[in-house]
Structure formats: structure tokens, C-alpha cells
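Everything below concerns the one structure shown next.
So that you can tell them apart, the chains are marked A, B, C, D and E in the order they are listed, and the count of residues begins at 1 in each.
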Amino acid sequence: GCGTGSQSAGSGKMQELSIGLMPDTDSLPFLIAEEKGYFADEGVKVNLKPFKSAMDRDSAMQSGHLDGAVSDMLAAAFAKDGGFDVKVTSSTDGSYKLIAGKAEPAADVKGLRGKDVSVSRNTIIEYVTDEILAKDGLKGDDINKVIIPQIPTRLEMLQNGKLAAATLPEPMASIAIYNGGRLLKSSDDLGINPGVILFTDKATKDKQKEIQAMYRAYNRAVDYLNNAPREEYIDFVIEKAGFPPAAKEALKLPTYHKAALPKEQDVTDCIKWLNDKDLVKETYGYDDLVINLLGE
Amino acid sequence: MKWHMNPTDMIAFDHLTVRYRSAECAAAAAIADVSLTVPQGTVCAIIGPSGCGKSTLLRAVAGLVQPESGCVKIAGGKADPKKYRIGFMPQNYGLLPWQTVRENIVLGCRIRHDWHAGREEDEARLARLMAALHIEGLATRYPHELSGGQQQRVSLARSFLLQPDILLMDEPFSALDAITREEMQDVFLALWQEQHVTTLLVTHYVEEALYLGQKIALMAADPGRIARVFDNPLGGHPEQRGSREFFEMSRALREEIRGISAQHAGEGAAS
Amino acid sequence: MKGISHTLISYLAAAVFLLAIWWGLALLLELPIVPTPDKVFVRLTDVFARDILEHAAYSLWRIAAGLGLAVCIGYPLGVIMGYFRQADRFLSPVVYLTYPIPKIALLPILMLLAGVGELSKILMIFLIIVFQVVVAVRDAIRTLPEERYYPLYSLGASLGQIFRFVILPASLPKFITAIRVAMATAVSVLFFTETFGTQYGMGYYIMDAWLRVNYLEMYAGILVLSVMGLLLFGIIDCFEHVACLWQRK
Amino acid sequence: MKGISHTLISYLAAAVFLLAIWWGLALLLELPIVPTPDKVFVRLTDVFARDILEHAAYSLWRIAAGLGLAVCIGYPLGVIMGYFRQADRFLSPVVYLTYPIPKIALLPILMLLAGVGELSKILMIFLIIVFQVVVAVRDAIRTLPEERYYPLYSLGASLGQIFRFVILPASLPKFITAIRVAMATAVSVLFFTETFGTQYGMGYYIMDAWLRVNYLEMYAGILVLSVMGLLLFGIIDCFEHVACLWQRK
Amino acid sequence: MKWHMNPTDMIAFDHLTVRYRSAECAAAAAIADVSLTVPQGTVCAIIGPSGCGKSTLLRAVAGLVQPESGCVKIAGGKADPKKYRIGFMPQNYGLLPWQTVRENIVLGCRIRHDWHAGREEDEARLARLMAALHIEGLATRYPHELSGGQQQRVSLARSFLLQPDILLMDEPFSALDAITREEMQDVFLALWQEQHVTTLLVTHYVEEALYLGQKIALMAADPGRIARVFDNPLGGHPEQRGSREFFEMSRALREEIRGISAQHAGEGAAS
């Protein structure tokens, strides 16, 4: 009984939603919405399921234990390519930063040519890294990509000078900067935003009402996050989201946006990158991946 | 020559040939074309040179080796340890190292489901037997904590307690000193006189064979075969032990064995 | 008893030895990733009563259930494969083909079939260790010399009796070794089996601390795991002591 | 030879049996998580020559190196612990305390000390399986009855000779079991050890395919891993056959 | 009584007491306060009831059990198998199951670093010995593929090939038939006459003791101790075997053993 049952009760009563979260800043509005009772206010029961790794989250989703998840464009395309029909319903406010180590002489992205830069392979991290490099006229092969999938390990290697630079998600990026790393460039600088919320195709059909209610609560939480003083929620967030304690000082939260569809550019760039790397055969269009449940 | 089974024969070897599968090559037959019958209720002693297949013969009766040809019959039927109670005392005693002496002794009865720990008559019989075999103080020891002779007597005790239909004893007294040996022989004889268990007894001692066996089979080696079988009127009669006849008979038997052995050596040299 | 105090002393000595290595390494590296033990102990006492006991209890339960299941399925299978040559001829290739499959990769299927709750965690532990039990028990029985069975065969023992009087005791020492290895494996894979669908368990605790870059708590968790393993090993040792009385030297 | 064709038949039968189960499950579930084997085989032939052979070669090398290291360190340690009671008294607690530590949690430290190259992968495999070897070898030698040594003791044999003539052959069967278990463990932890700092290896291949939700390739990889394991098991079986000639029944 | 060591004594037991640590309780002493000396170059036969500690005595010389009190001396020094070549043939033969017959036989020499596989004289000596012991065809077999008597002869071969300083044989001929046994005894005697190895020989046969032992030690049980030691003028003289003296002596000895045993039984009843 994970909320996927389609036995819809009376018109007023809404089904449950199960949402998989990751320990990153994208997930914060959900945590706030739950904590503040916004979901309940909207009359929808949302089960937030925290995961520690994307693999676990995707496995749970693919085995039908989640209706939706905080995820990214690449995962959506991969899932679709792998035969799992998922739909992106909105973008999120994730941020990925290319950070140089404390002792790294390179002043900018160009200076990283031929050096060790740690990423995880075939993920949003590598995508953002490639985009950042492309902006400065470099290609993916111009740097030496060191594959380290575990984020804490990547952070540790960076901090100990074993790497020239690494691309990190929040809140690890803030911590790295706090500890002396230098921000070279971030996804925000490029204006790309590949973080998304996605739902299974089934959920977008059977649970439209619930998803919309969820988004209303989500938007309230965004408002709260943007307006309330940081001290009011930071301890709760750090505890609940599984952030490092150091994030209390270090973490610079982004300005959250109310739920909105991803930009067309974000989607096509992403698919192009996947097609170029031969990771996804199909060239998905915007409408293949994105569904608009917000506007109705 | 067609071989006929006598209805009173308890154990019958019918042109039995056994060959061990060796690790590398096809070994020579351990025993070849052996035919022998042991009537119900008698003791048959088997004497023969080392390696001639005496133990193999017993193993065949206990169903532990598969004949290459021929067969072993018990009471006319197939030799099947599930059907008959076979008290087999192997040359290496066959004690289970993880069981105490007491457990080892009652093992046979437990397997046969007629041991009731704590039942007075069973316990008394066990105690009597252990006392007769002089192992009364060793009940809680493990086999590796016993001397060789003590192990052998534990194995004897297991076979005796079982009250088997057929008793197969492979050099049962070899590790015992002369005095103890005679006592054990008498324990066996007493038991036999009570129950008349059909027994195959392998021994290296002419006196032992004469003393215990109503029938004596002499074996020869290469390949293992029965050289001669004869009835022994002195067997099973303790009172005859010191007699002149006994002495004469053992002397004659010894000569005969020496003869078989020499003949074999001669054959060996000739071949 | 002299034996027990001896044992305690040697365990203490080992603990001190390991702590010394750790401390040395920590001082040498001077990195937050290798904190000195004293800090970890302080943190441990801070968090112990509050958190770790509960986590440990969850993990113990999962290990016990997984191990129990692995023994219940693996032992009979091992016995069958070890005793019946024919069965082994067909089951061995099955085991040989399935053993090397990384069980974690089956997580999606497992979640599909068993959900994200306790069951899938226990099944994962089971899947990882059952093969170790099967192979060890099979090998133990296969290397028994034929002669060991003779006393039972000649008594016309049933299969059950052969098992009870020969196979079980003869394979016990190797079985205990298998349990030792399997148990320790179960403890160390908690790390992967407790990362989804739960907020309790030592695996979750350590993983969570790691992702929070909270090395003090992570080491506190590892420390507890290590002591937990030690206790489980101790239980197995005691069991061996009692069960293999005949092997005492 | 009859024996070999027999073996082949039973391996084939096992493979067919497993495929049948897989196929049945796939048809029953009808989900992309569990593709039918035919699709996987088609994909396998597509990618095999191009990719998988190279990945498999990398993995084999890492397994061999890790296993070799584990044997080189674990076997002598196990022998020392099994033969010298005193050594065991102090080393056992050390092993008992360190065995349950989830080695993957030490990955950051390992990477800091040994880099992200081959060395840290091999060390990780080594760390995971060395304990299995140590415990199994120790137990094998500890359960040897004292009497086994008597012929050598009474001949005034040196320690080396006692090892050569008693300890080595007597512990060989259990050692082979340990190698079997350790080898299979090494294959199945490739999954964690090959995820960093490399683009080659079956572990990387499977993990990458999983990440890309490319279940066909993931299963193709698992299939290859499984066959790889089978081959390694086969080698061990052959070795056992030759080395334990005296145990042949 | 102070006990003095004679300079020509090769083996000397000095108030030796050995106790086995049993699994549960402190067992009674296996042998208590045993003193015995064996002069250089003689054969001492030990006879005694089963479980009286004969094997324990040999194990003590071979350094396999630690005395509780007292000690064993070899040539005046501590009994140390590294210093002296000790050919120990245990009651259960002590063969290594993973070695072939040939490997088992040369084991002793290999340990002592004086075996050179392929060297002609070594190979010839091995072949001669195996032929004398009638195990020439068994070189490539493993022990578990042999009959009991064959195993025993392999063990004998190992001890003989070693050319030891001290030979300890625990019931070395017990699994052999009468004919083979006599042959083996003669093989031993021939060897002994060549090298005059100091030998401790445990046997259950009065005739064997008389035939081979220049010195005979009678043991009694509970606790294991030496009841009487005497010199045997007939020992080591094959030509005396059939003599009247031999016959008389063996009869007398048998009586004596029976006496010791009865006395012990009486004690047991009294206690």
C-alpha cells in the first residue's frame, strides 16, 4: 500500500502520493510543506520518502513504489528510453557548481585544461560540467574526468588537494566553498536548470487532482522559504534533509521559484547532449517529456 | 559346478568378485570368485594372509562394497542391512569421534530403535556388558581419549549390545593383551551360546579360529580366494581349549597355512 | 574462571592495539576524515543512548532474520548437494552461475517483489550470504571420507539417522566457519541494505552520517558495528565451544 | 572423456533451467525491469565484441590481483592463528573487531591514501575478502586433531616441514572452499569497487547501465559476470581435482 | 631409593608420571612414577594389559606428551626428537592420508634431509625394504586404499628406512597374520643385528616379547606402572625360537602375567 492504488474514493477524498526525495536543496520545499502542514491544508496526503542514492530512488520508482520524485532531466530521459513512461511536471531549484580546490592555481574554467576534475559519469553532474566547459570553449575531453560517484568522497578528495576541481551539488558545493574551495562557475551562471520533479505517467493520469494540490502546497512552501528568516527553518532543514551540520553556516539557499514548467531550452539541450554522447537513441521533444498539470 | 544354497545357510557368497576403483587405474580384484556358505547359528572363522581380502568379504556382507559379479545372500535374500541386524565391527573399530563411549555403544540400538535411555533393563544390560568388557569407567570419554585396546572393546560392546542377526568381526581382539583377549573371547562365546548369532570372524590366530569357529575358511591371496574350508569340531567348546586334540589341530592347521602361503609364493615366482 | 579473564585480557589488548593504530594514523594524517578516537568516543557517549541502541537493535534483527533464513535454506541445500552426487551435478552449476551475480543489482526486482520494507532488506541479506553457506556446507560434506558412513550404513541407518549421526556432527566445524563468514558479511553489507525505506539501522546511521560529512558520527557508528560484530563472533565461539566438545584439545 | 561431457551436460541443464525461470518471471511481470532473456541476448551480441570483452578483462585482472593479495596475506595469517594458540588469542579479537567494518565506508580514506587508480580498487577487493580467507584457514587448522601432527613431531620436523607435510595438505580442502567463497564475493563486489576512477570493468558497466535505466545492457553485464564467475569456479574445481587427489572417491 | 643412570643407557624413564587433560575432569594418571632404563643397542619389550599406559610410555619418549613429573632422558640428555632420530611407529600407524605409500615411507628420511629421490643407493634400499615387507606393488596407492595389515607394513617401512637412533614400535605386528608376522619379525631382527638400534617394543604376545626383547618389562594398570623388569637371554636369537627353553619361558611368563593381572583384579575388588 504505497499510494499507487487507483481505487479512488469519493470525489472529495484524495489518494495518497508518494514522492522520493534526495538529500539536496531541490527537496526543501517538500519538507517545509509537510512540516508546516501545507499538504494537509490542501487535503492531500503526501508520503515523502527520503533516499540516499539516486539508484535506490530510481529502483523504488521503477518498481512502482513511488508516484513521483525530485529528480533531473537526464533521469527522465533515461527512464523514458528504458521503457518507463515518466513525465516531467515542473523544474526545481537545484544548483550545481564547479569548484576548484584550495590550492588549485587555475583562476577560471579555462585553466582546468588537462587537469583532474571529478564528476560522476553520465549524470546531471557530467552534463552540467560539459555545459560549463562548453561555455568557455572547452570540450569534455579537454579535462581529465575523474569518476567519483559518491559525493562525500568527491568532496573529501577535493578538499585534500587530490583533485584540481569537482562539480558538486548543493549543499556540498557550499560546504566546499566554505572550506576554502573557489567557485569557478555554477549552473545558475549559465542559466541552465536541469533539476525537475517527475511523475509516473500513471500518476499524471490517475492523480492529477492530487498532484495539483501538492503543487499548491509546494508553492506556499516556496513563498515561505523565500520570505521567512533563515534562522527559522535552517535547523529543521539540516536535520530533516540530511545535510551536513556545517551547512548551517555555509549553505547559501537559492531563491526558490514557484512550480513552473522547465524551459524548452533546458530540455532540448539536455536531450542533445544525451544524443551526442549516444546515451539515448531517441530524440525526445519537449512534449514527449513534459506534461502541463500546473496550468489547468 | 552349479552352486546350491542350503535352506539353513544364513550367509552365502555366490561367486563373489569385488574390485576397488582406485584413484588412477583399474586395480586387480580384491577377491575373485569366492563362494562360501555359513549355516544359521554357526561361527565361521576366516584366516588368511594380510591383504587377501578378508575385510572385503565382511564389507560385502555389510553392504559396504558393491560386487563386480556374483552376490552375497543373507537367508536366501539380498544382503540388505536394513532388513537384517548386522553387527559389523570393522578393523579400524568404526567409532564416531563426536560421540562419547556410551553413545557409541548404544548407537547400534538407537539406529534400530530399540534403545530406551533410562529404561532399567536396557541400562542394566549396558552396564553388564561394559563391565564384562572392562570399560565401565569410560562412558563419558571420547574415542580419541582411549587407548587402542579400549577403543576395540567399545566397538565390541556396540556389536554385542545390538543383539544382531549376523555378527561380522574383523580382527576383533587384535589390540588386546593375551589375558584380556581370552576374557573377551569368553564374553563372545557366552553371548553366542545364548543367542547363536551367525558370525563371520576374521582372525590372524589359529588358536582363536579353532577356539571360536565351527567352520574355518582359509584364504589365499592374489587374487583373494578361498583356499580351503573345513569344519572344526572343537569350535565353540571352551572346555576343549587345553586338550591335546586342540594342540594337534592347531599344529596341523598352521602347517597347512604355511603350505598355502608357500605354494602361493611359488606361484608368484613362477609367474 | 581463568579462561574467561584470559579471554577478556586478550580482547582488551586487541582493542587497545587497534585504537593505537587508529590514533597513530589520525595523528599522522591530521585530516577530519580520520578523527582521533577520543573525539569519536566523546561523540559516541553523546549519541549512544539517544540513537544508536535503537539503530543497533534494528540491524541485529535484520541480520538475525537474514542469517536465519540463509541457514534454513542454505544448510539443507548444502547437505543435499554434498551428499547426493547426482543433485550436486545439477545444482552446482546453478549455484556457480548465480553466486557471482551482484545481488545489489537485483534491487529493482527485489523491490518489485518484496516492497521497500523490512522484507526486502532481509531478503537482500539472505541473498548475499546464502551462497556462502551452501558452498561451505556442500564442501564440508563432500570431503568426508566414505568410511565415515560405514558404521551407519552397516547398521542399515535411514537417511535421517545418517544425517543425525554423521553428516551433522562431521560438517559442524565447517558449518560454524561458514556462519562466521556469513555473519560478518551480513554485518558489513548492512551498509547497502539499510539505505532505502528505513530510518533505522546501523547501515542507515553510518550512511546518513557519511552523507552529512559527519565523520565523528560515522566512526561512532562503525565502532558500534565493530563491537556488534565482536559480540556476534563471541556468541558463535561459545556455540562452537559447546557443540564441538569432542574436538577440544 | 565421459566425465567432461557429463559435466557439460549438467552445466547446460543448469543454464537452461535458470533461463527458464528468468523467462517465466519476465513473462509474468511484463515490466521493463525484467526483460526477457532473448532481448538481453540480442543486446549482448550487439555489445559484446565492442565493449564487454574489455570490461571483463579489466575485472578479471582486478579480481585476480585482489584475490592473490588476499591469499598472500590471509593464508599465512590464518596459518599462524590456527597453529599458534597464543597468536590466535590476540589476533582473533583483532579480526573479530575489524571484519564487520563495512569496507566501503572506508573508501574515502582508501582513496586518499591510494588514489583513485587501480591500486585502491584492488585494495578494496583485498580488504573485503582477506577476512574470509583468514577465518576459514584458521578454522581449518584449528580443527585438525593434535594426532595428525604426531608423525611429524616424533620425527623432529621443523616448522616448515610441519607446514609442508601436514598443515598445507590438511587445510587444503577448506582453503579451496574459502577461495571459492572469496572469489565469488570478489566478483559480486566489483559492483562497488569499480564505480570510481575508471571506465572499464564489469562493475562499472553494470552500474552505468543501471544508472542509465538501460536494463538490457545491465542484464547483459550481469550475464557476463555470471559466466565469468562460472569459469572461475570451474578453474577452482579443476585445481581441487588435481590437488586433492587423495580425497577422490 | 635414589635412581641412578648408567652411562650406557640410551633411554631412561625417571619417575615419569603422565596425566592426560581430559575434556571434563582431571583424569587419573595414565602412568605413574615409572622408572626404567634401556641400555644402548638393546630391545626392550613391554607387555601389559590394555590401557595400562604402554603407548603413553612410547609417546613420552617421542616427545608427544608432556610429563607431569619426572622425565625421559635419551643418552643422558633431554628427550628431543630434533636431536635424535626417533623412529616412532604409533598404534594407528601414523600415515599421512594425503601422501602415497612411497611418500609416506620416505617421509622420515625427507624430514631428516637424507633422502635423495633418484639417487640409486637410496632407491635401491627403498625397493629392497618394500620387497622384504611385501608391499612392493603398492607404491602409488594412498593409505585408505590399503588393507589394515598393508598399512601397518607401510608404517614399519617408514621406521626402518629412517635408520633411527631409537626405534619405538607400538604393537607393530598386530594386524598381520602369523606367517607374515614371523617374516616381519625376522626383517626387524636382521635390521637390528645390523645396526643395533635401541628399541622399545610394545607387544601383546609373550612369544614375540621373548623372541625379540633382550629385556622385558611387565606393566600393570591403575595406575600404569612397571610391575617387573627382567632380562631375557633368548631375545634376539632366532635359533632359540623352537627350543624347549623358549617354550618353558613363555609358559612361565604367561603365568606371571596372569598373576599380576589377578592381583590387580583382587586389589580392584578390595578397593
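The rule is short, and it goes like this: a residue touches a chain if its C-beta (ideal position, glycine included) is under 8 Å from a C-beta of that chain, and two chains touch if they have at least 3 such contacts.
What you see is a predicted model; the values in this text were computed from it and never measured.
> Strictly by the touch rule at the top, which chains does chain C share as contacts with chain E?
Common contact partners of chain C and chain E, which must touch each of the two, are B, D.
> Any chains in contact with both chain A and chain D?
C
> Identify the chain pair joined by the greatest number of C-beta pairs in contact.
Top-ranked chain pair by contact count is C-D.
> CA centre of chain A versus CA centre of chain C: separation in Å?
It comes to 37 Å between the two C-alpha centres.
> State, to the nearest whole Å, the distance from the C-alpha centre of chain D to the C-alpha centre of chain E.
49
> Rounded to the nearest whole Å, what is the centre-to-centre distance of chain B and chain E, using the mean of the C-alpha atoms as each centre?
Distance between chain centres, rounded to whole Å: 27 Å.
> Between chain A and chain B, tell me the centre distance in angstrom, where each centre is the average of that chain's C-alpha atoms.
Spacing between the chain centres: roughly 83 Å.
> Would you give the residues of chain C that are in contact with at least 2 other chains, written as numbers and ranges?
31, 33, 108-109, 112, 145, 147, 210, 244-247 - these are the residues of chain C that touch more than one other chain.
> I need the residues of chain B touching at least two other chains; which ones are they?
Those would be 23, 92, 142, 144.
> Among the residues of chain A, which ones contact at least 2 other chains?
55, 58, 62-63, 152, 156, 160
> State the interface residues of chain E toward chain B in the complex, per the touch definition above.
Those in contact with chain B are residues 20, 22-24, 27, 47-51, 54-55, 91-92, 134, 140-142, 145-150, 152-153, 170-171, 174-181, 204-206, 254, 257-258, 261.
> Could you list, by residue number, the parts of chain A that touch chain C in their complex?
Residue list for chain A touching chain C: 2, 23, 49-53, 55-56, 58-60, 62-65, 151-152, 155-156, 160, 172, 175, 242-246.
> Please output the residues of chain C touching chain D within their complex, sorted ascending.
Of all residues in chain C, those touching chain D are 6-7, 10-11, 13-15, 17-18, 29, 31, 33-34, 89-94, 96-105, 108-109, 112, 128, 131-132, 135-136, 139-140, 143, 145-146, 173-174, 176-177, 180-181, 184-185, 187-192, 203, 206, 210, 218, 222, 225-230, 232-234, 244, 247, 249.
> Mind listing the chain A positions that touch chain D in their complex?
Where chain A meets chain D, its residues are 54-55, 58, 62-63, 75, 78-79, 81-84, 121-123, 146-150, 152-153, 156-157, 160, 162, 279.
> Which of the residues in chain E end up touching chain D in this complex?
59, 62-64, 80-86, 88, 90, 92, 94-99, 107-108, 111-112, 142, 144, 162, 168
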